[in-house]
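You will see chain A twice below: alongside chain B first, and alongside chain C after that.
And then the complex of A and B:
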């Protein structure tokens, strides 16, 4: 196998994953999706490190990726606790709910009006009804119609 | 010939990066979504991916190329879907698929332990934690803040610029062969010449390290463990302390229940 070609292709994959994560963490406003984007950047870094490790023929890069995994687990645990606390205070997973922490000379972000329903409605598979209609369940109110 | 009809790799890369930027801008949530924008964005994204595939180096064997192409395409497409999905639950599921692709890339690169550990640790533990938080905190339906983005155009341009610069510098790697010679091979060759002068032990060591990351070696994981617990033992201990601190800290923070005054939350006051 062409070692240099393998290194370059893997580095390009890592670069694409890192850039995607960067765009995600810059644009998305949901705190959970922002953390998922950060994890995507970590995946890009891992691919690059393992590619260099393979190319140089030692285990340094792989050992570093193991520690990246460890720190990512710690980071996710602590960060998700903070996300839960933020949700408990504001009732939203919105990063713009904390814009009172901005610099005093920056303008406030105001959301424009959105159409009430999605113009692209989600489509879900429908099963053909069969058998007898079961009795109504009061627990139905607890269920969500969509995610 | 076909190769002569293609533009130069630099032109293809520039076009692919531009297409990726426009595609991300079209696909990111911008309030009013239209079907035409998502179709056009998907088409441009496929064009960008085709550009990257065209400029990729040949690996040699057809089977290796096919496997690498499939797993990296899975990783990249699911990664893009992670950041453009409106629903955070779908984002998390797409991220799991991206993890599967990344794990495949790691396996192709010969990191067997890491390929499995990525699936087990990320998809098995971290992602489930994300889904639990979503279950606790996500309101039903699409929230307004999931349907808009912060500055999608500028961010897509920033990401594409970074990607273009990175791929440019990665492509330059081949131009200067002295930059990235395998030290093990160089050492093996140097030791081979030195071995003629009687230094056989060093030659044996160099060949030993040259096969250290052979993906087909049966004891590759054992070697990785030896390296981890031999040369990096102190770092392993530090990582253990870090895990303990994260565990204790997250439990301490979450059990205070978001009460700034330090009093017990209403439900707990009734219980105590």
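And then the complex of A and C:
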């Protein structure tokens, strides 16, 4: 694989990541998902930076990516605190819960179709308490022996 | 004191009251009930300095010095403090003006004059006399105010204003420059406004203050235009001569070199215009017809302020101005005659109105207008006797009118603010000192023999008489060169050497189109005019005695009556009933009463004042000195004046002595004339209809224009960003995704733009 093709492929991957993040941030209203989408965009850029860095044989781009990662880590901490606080205030992760920040005389945006509420309560996997020898399940043991 | 030069002392006279005013403003609240101290200390020190200056100047002139006879030469001293404004070679006098004649070089080119306004103070007999009156009466009034104004919430403010007024007034009479005179002319007007409106929560007081200020503006306009004209005509505004850089003397308007120069003054149309404008200014400040309407209303102010400002000093500023500008007036006999006509008419009209007033202070206000009219009538004669008599009357009037006002204030203080004479009576039992001093003041005002007003009024009548019947007073009158009778068919400037009268007339017609007619109207300066004025003045003398004693009888004689309001005025004593005023108020009354009793006799017998004033530079103009007569007592005139006064007092006694006086008896007695007098000749109504109402109409139109057109325009412009904002505000929806979208689209746009640029 020659150098140009490598660059091209890496850039395509970066662009795909960036676009996914962009679409995610424009379409999703869940604060955490929006945040993740932003991270995705960041990583897309990082990929293209690394690719260009390699193409030019200049380590500046990679150094920059290291910085981006560091800053992203910090930013993740801060952003998650904001998300947590926002949730504590409204009880919702919906970014539209903050639409009261609009111009006072504009109408409130109401979702035309509310997402269907699950009638069946969600089931969560039950995890084994850590540091305890799991009680042996007869069935399990039997099947294991068959495996 | 010995170490100080007269110049320093002269500066101290206005400076000390100014310091007093500033200290009162700074410390007023902290001093509390002693808030009067800085102001009174300043005025008292100024009074001491003014008296010492007067004595020094008197010695200079030669008064009371047996060693040598009084000098006939002018005595003046000018001290320049600093240059207020100065521009070198700023101004070329208009062609044809005498200033241009002075500055035209031999080769026909014109030398540029420098514009220079020095802050210069002057000391001469006229200024010194007035400084003494202002500071001494000011001091007595200030002391009286300690008692009168006690417990007033504005106590320190009153004394600050009083000291400020004394500063402004002393500066006004000491200024040696028309622009400075204008500045302090306005300053005394401002002090007067503030003191009339001292109780500004009272609507009448606020209205009266506004009225006084606005009416005075008319006169101030005259002074401003007169100042411009003087500048155009004489190329300077200084009274005194100044030395130019190369050592030549630049003659001031009233400087000795111009006075000595026979052709130094411009008569004719432009001179008359200047004089009439100065007369307008004097009419405003001194409350003469037709601008007298503000003074009676000014009585809404505190009585001490009325006594000092609206009786003794400020209202005499007009007299001072005309006397100071005597050389300008004597070359314009018609303007001079008009001064007398205005004065005598005002004196008669005000006296007639005064006869039917029931408010004690208003009687005195109209009496003040009337007495000021006397002074103007005297000034207008243009003779040495006339000028000195006017100032003599100014001095004695300051004493007895201040005394009468302070006495009225004492009555008002005791009656709990009631000043309507129909509501009290017989007060001589309650307030013996006030009654006795008021009586002395009334006798002086009425012109009864040994009291001050008799002598000054006699001199004024003599001055008018000598113009009306010149033959009876010796031959001096024919010798008067410039103020000669209007036998002169042509304006006096025809006689100017230099022969530029045609150019001057052109110059004049350009500046004052209407004054051309001055030379075509029949001359006012005619013996018959003066005879009429003399009889008017004599009638006024009788009326003066009548209304004065009507006030005395109504207030102090008859059965004792006290209004209910008096009971509420408790003055710390156990009994809260009406009472004599405290000593701090009665002592100034007694001092003024003594001055009113003896000053006229003393000044007349020694001729100290007239001799002293004759050394004023303005009065040494040849046209005035030529009319100087040896001092004489005019027995026949004194007899006529005394008879008139006695008749007036007798009628007042018949009408009011010992009677209850609570009805409009005199108005009913006079019939329709009484209605005319009681309504002040309907002059206020005339002004209301002719001036106030049309102006209100204009104001209404202007207000509507402002509200609907100007405001509409402004509001319309304000609506544009509002509309734009309404359109743009949809962007701020509060939905983060929208913002992100806009950001993305914006970035795309920028990138597209960059891409197109790169291509």
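The working rule: the second predicted complex is superposed on the first by the 107 of 147 C-alpha atoms of A that agree within 3 Å, B and C clash if a C-alpha of one lies under 4 Å from a C-alpha of the other, contacts with A are read in each partner's own complex, and residues count from 1 in each chain.
Keep this in mind: a contact is a pair of C-beta atoms (placed from the backbone, for glycine too) under 8 Å apart; a residue touches a chain by one contact, two chains touch by 3 or more.
Computed from a predicted model, the values in this text were never measured in an experiment.
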Between chain B and chain C, positioned on chain A by superposition, is the outcome a clash or a fit? fit
A:29 in the overlay: touching chain B, chain C, both, or neither? Say first, second, both or neither. both
Please work out whether A:133 is in contact with chain B alone, chain C alone, both, or neither, and reply first, second, both or neither. neither
See if chain A has more residues touched by chain B or by chain C, and give me that chain. B
Thinking of the overlay built on chain A, is A:39 touched by chain B (first), by chain C (second), by both, or by neither? first
Who does A:101 touch here: chain B (first), chain C (second), both, or neither? second
With both complexes superposed on chain A, which partner does A:110 reach: first (chain B), second (chain C), both or neither? neither
With chain A overlaid, the minimum CA to CA distance between chain B and chain C in angstrom is 7
Residue by residue on chain A, keep only those touching chain B in one complex and chain C in the other, then list them. 22, 26-27, 29, 95-96
Which of the residues in chain C end up touching chain A in this complex? 729-730, 732-737, 740-741, 744
Over in the complex, which chain A residues touch chain C? Could you list them? 22, 25-27, 29, 34, 95-96, 98-103, 105-106, 109
Considering only the defined contacts, which chain A positions touch chain B in the complex? 1-13, 15-24, 26-30, 32-33, 35-37, 39-40, 43, 46-47, 50-51, 53-59, 62-63, 65-67, 69-78, 80-85, 87-89, 92-96, 111-112, 114-115, 118-120, 144-147
Per the touch rule above, chain B residues touching chain A in the complex are 24, 28, 31-35, 38, 52, 56-61, 64, 68, 72, 75-76, 79-80, 82-83, 85-92, 95, 98-99, 102, 105-106, 108-111, 113-114, 117-118, 121-122, 125-126, 129-130, 133-134, 136-138, 140-152, 155-156, 158-160, 162-163, 166-167, 170-171, 173-174, 180, 182-185, 209-210, 212-213, 223-224, 227-228, 232, 235, 239, 242-243, 245-247, 249-250, 253-254, 257-258
